[in-house]
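We just call them A, B and C in the order they show up, numbering each chain from 1.
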Amino acid sequence: MQITAREIAQFLGGELEGDPDIILTRPAKIEEGVPGAITFLSNPKYEEYLYKTKASAVLVDTKFKPSSKIAATLIRVPDVYGAISRLLSAFNGVGDIERVKDPTACISHSATIGEQVAIGKLTVVEDDAEIGDGTIIYSQVFIGKNVKIGQNAKFFPGVRIMYDCVIGDNCIIHSNTIVGSDGFGFSPDSNGHYSKVPQIGNVLIGNDVEIGANTVIDRATLGSTIIEDGVKLDNLIQVGHNVVIGEHTVMAAQVGIAGSAKIGKNCVVGGQVGINGHIKIADRTSIGGQSGVMGSIKKPGTNIFGSPAIDYGDFLKSFIGFKKLPELMKQLQKLEKEVDRLKAE
Amino acid sequence: MQITAREIAQFLGGELEGDPDIILTRPAKIEEGVPGAITFLSNPKYEEYLYKTKASAVLVDTKFKPSSKIAATLIRVPDVYGAISRLLSAFNGVGDIERVKDPTACISHSATIGEQVAIGKLTVVEDDAEIGDGTIIYSQVFIGKNVKIGQNAKFFPGVRIMYDCVIGDNCIIHSNTIVGSDGFGFSPDSNGHYSKVPQIGNVLIGNDVEIGANTVIDRATLGSTIIEDGVKLDNLIQVGHNVVIGEHTVMAAQVGIAGSAKIGKNCVVGGQVGINGHIKIADRTSIGGQSGVMGSIKKPGTNIFGSPAIDYGDFLKSFIGFKKLPELMKQLQKLEKEVDRLKAE
Amino acid sequence: MQITAREIAQFLGGELEGDPDIILTRPAKIEEGVPGAITFLSNPKYEEYLYKTKASAVLVDTKFKPSSKIAATLIRVPDVYGAISRLLSAFNGVGDIERVKDPTACISHSATIGEQVAIGKLTVVEDDAEIGDGTIIYSQVFIGKNVKIGQNAKFFPGVRIMYDCVIGDNCIIHSNTIVGSDGFGFSPDSNGHYSKVPQIGNVLIGNDVEIGANTVIDRATLGSTIIEDGVKLDNLIQVGHNVVIGEHTVMAAQVGIAGSAKIGKNCVVGGQVGINGHIKIADRTSIGGQSGVMGSIKKPGTNIFGSPAIDYGDFLKSFIGFKKLPELMKQLQKLEKEVDRLKAE
């Protein structure tokens, strides 16, 4: 891709200082700027790089005042971080896939495929599946019987969507992630042998949901496991059967949520957190990485940490005590001796 | 599927109260009952829903005494939970797959395929593999050289069974799970560079084992990694090389077991537990979620918790102390001052 | 495979005691030795098995002095552990794959494929990809646009290498692992809704790197996520965007590394460890299993443990205190009473 600084400034609604005709071919980090690159300064601690970068253009804040001479063309924008995101989109060619059904894909005659859909090589689309307009399914994906997928979704290679699951518009699902595997349900007999409880529910995913790679979302035993609009899940996450994740909640990698837990809206869940089954987490709860949440969180906006998880501030205070425990034990021993001596006197 | 209440009652061996000819089309949770649904009451705290459900039929305990009028047809059974499981199976159509070898599957001429086997689209079956009668292999699965699979097994899309592994009867393996990847074995040289120790063992899986999605079971360095009869493993679990998991042990999602650990029979392992390599866990051990088991557990029936894991009751008592640590530190400081004052007197 | 003890001794440069013509067909553990097997004694605690093994040959240390009569042929070598590794390689037939491009693979005409390359069934190689001499790509793999792979690499079934990623020589990647999925980057608006920050960087993997099964390595937002030479990663690991992992660092299963963390060289990271984003870990750091590393580690060779992680020895001392907390609370209460009594006197 080749574009001039003037065109980028127009695209971003920014003001240009310097050569408007300089050709830009790729974005780069400011410390890695090379001729042809467009870069940006959003974090002030990188300002030193601005004066020595070899990049051809730099996005800066409208109000930025340089303390030295700058060789690169500047493009001033009111919101550098937002502008970067739009800039990266402009240079991101991954969506430019030809909208064809590859002849090596196995697509059932009873499937309903919308307009401008791409279906990649060796992908399987089973009976009665529906794929909405503009959706891109990459290679080697599995779309099971009676699955419904909305518009403008994007599924990367190796994604498996099992029968009866429903996925909304604009969803992105990364490689090898599974939607609709069986929930983990067994009933033990008196000998300690387990028999399978059939899992005949499904998974419902709203609009604008993004799910990372190698994540698993189990179908409900009965009813639906539900991922609401705008949820963002990272890689290698486990979502148990009948879980509900509320709108616009984000979860970092390797989180595990046991069956039937209900997570509120706008929660932020750190990496490797474990959430117990059958509990409720209030809206806007923030959970620190590796925490283990054993009971329900009732008050919205609560901040918790630790395994088992407690109030974040309380955990930090207790952890200071934990680090001082060897010293505390010595103090206690010394005190005991002193008290013994006082008693003997 | 359409079935009358009378037929369901006969199938479950239950007694019917109400309209025997009412048509039932799907199971549902009692709080989500709609006309045509058959639902159930097993947990007494849901009893209120029984009196207002719109479901056409409800399974209840033989001895259940309603406290108010019920519109739905009742089917009385001695074991509601067991009956639900049988009911769900009856409505679960996923196994109703046509028993054909799909023409897009790549099946070696030297593979031995039993009767009534289904092999899905774009599945690969390599040389000398054996697949027992009644087994269903879904689409896009990989069955490596010399793999042996028993009867009536079911492998979902994207499962990979590597060369030489052996899997028993009635096993279910969910999507994208791997059996027989190399164990993690390296020998360091004096420069801190690692060279690979070849992993030439295999994995042996017994009968009636179910393994969730995106789980990994490594092959042994030499000999076999062993999963015994009736074991149930959830999603995203790591089983290292030469591990043995005893009969009828169940493990929740994201558990990690390091190489050569031996886990007993009838153990229950919570989610995200880590188990150290080369240790032995006694039969019927119960391990709380996120615990880290560093040493062997010798006494059967032990209940442990924490990272590092200790006796469950002891952990809870110590954790009470952890939460009180800031207060304990203040008490200790106050005592020190008081003792100093007493000494000065 | 059939080979004589004499041939094995020559291959390993060892001295032979016993029947040089005995036929060896497979390696085995010393406690599982059967006629035809070659086994080894490296750990002295297994010496008892040496005198009763039915194996046909045993590798022992050059200096080993038996305390009793041995039926098996002995092969004496200076480094038993190193010899085992070479022995296992000799018996390991998995690399003996025919070097052909399978006709069911979908290989772009613009891809560049080296000499002696194997490409398995139903594998996809997209436009402008490059695969070096001697590399083996198994079945059902995805190699995206413009991916560069070095020589003598080995990729197992279901691996997905996304567009623009670069992988060095002699790398091994196990089943269903993903290289180059999008990093987890979103910018929130004032309503708590998230919009995607495009991830247009790539992943750079050096030479001699091995990556386990079902692991995920995200591409950089800009620039590269970097895995340096000789790194060994186990199964189910999460590597976030823009992470750097230094040369010859090893990580056990289920480790999670948040975005932009920089891990030093020759580090050893235990299973299920979590590493915070944007921190630096010094060379030769050792991190105990399940630890949570919240801040940078500046001193090379540091040994840490716990969640949050602190110095290893300090953690153990504090954990002794944690276990004694119920007792400490009682002691403290008793002391308080005694001091009260002394004050009253």
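Quick notes on this one:
One rule holds in what follows: a contact is a pair of C-beta atoms (placed from the backbone, for glycine too) under 8 Å apart; a residue touches a chain by one contact, two chains touch by 3 or more.
Keep in mind that what you see is a predicted model, and the values were worked out from it rather than measured.
Viewed as a network of touching protein chains, the structure reduces to a complete graph with every chain in contact with every other. Counting the residue numbers used at the interface between chain A and chain B, under half appear in both copies, so the two copies meet with largely different residues.
Superposing the C-alpha atoms of chain B onto chain C requires a rotation of 120 degrees, rounded to the nearest 5. The distance from the centre of chain A to the centre of chain B, each centre being the mean of the chain's C-alpha atoms, comes to 26 Å.
Chain A has residues 122, 140, 158, 176, 214, 236, 254, 272, 290, 307, 322, 325, 328, 332, 335, 339, 342 in contact with two or more other chains.
Chain contact summary for the complex, chain A toward chain B: residues 106, 122, 124, 140, 142, 144, 158, 160, 162-163, 176, 178, 181-182, 184, 186-187, 192-200, 214-216, 218, 221-223, 236, 238, 240, 254, 256, 258, 272, 274, 276, 290, 292, 307-308, 310, 314, 317-318, 320-322, 324-325, 328, 331-332, 335, 338-339, 342. The touching residues of chain C, counted against chain B in their complex, run 27-29, 32, 81-82, 84-85, 88-89, 91-92, 94, 104, 120-122, 138-140, 156-158, 172, 174-176, 210, 212-214, 230, 232, 234-236, 248, 250, 252-254, 266, 271-272, 289-290, 307, 319, 322-323, 325-326, 328-329, 332, 335-336, 339, 342-343.
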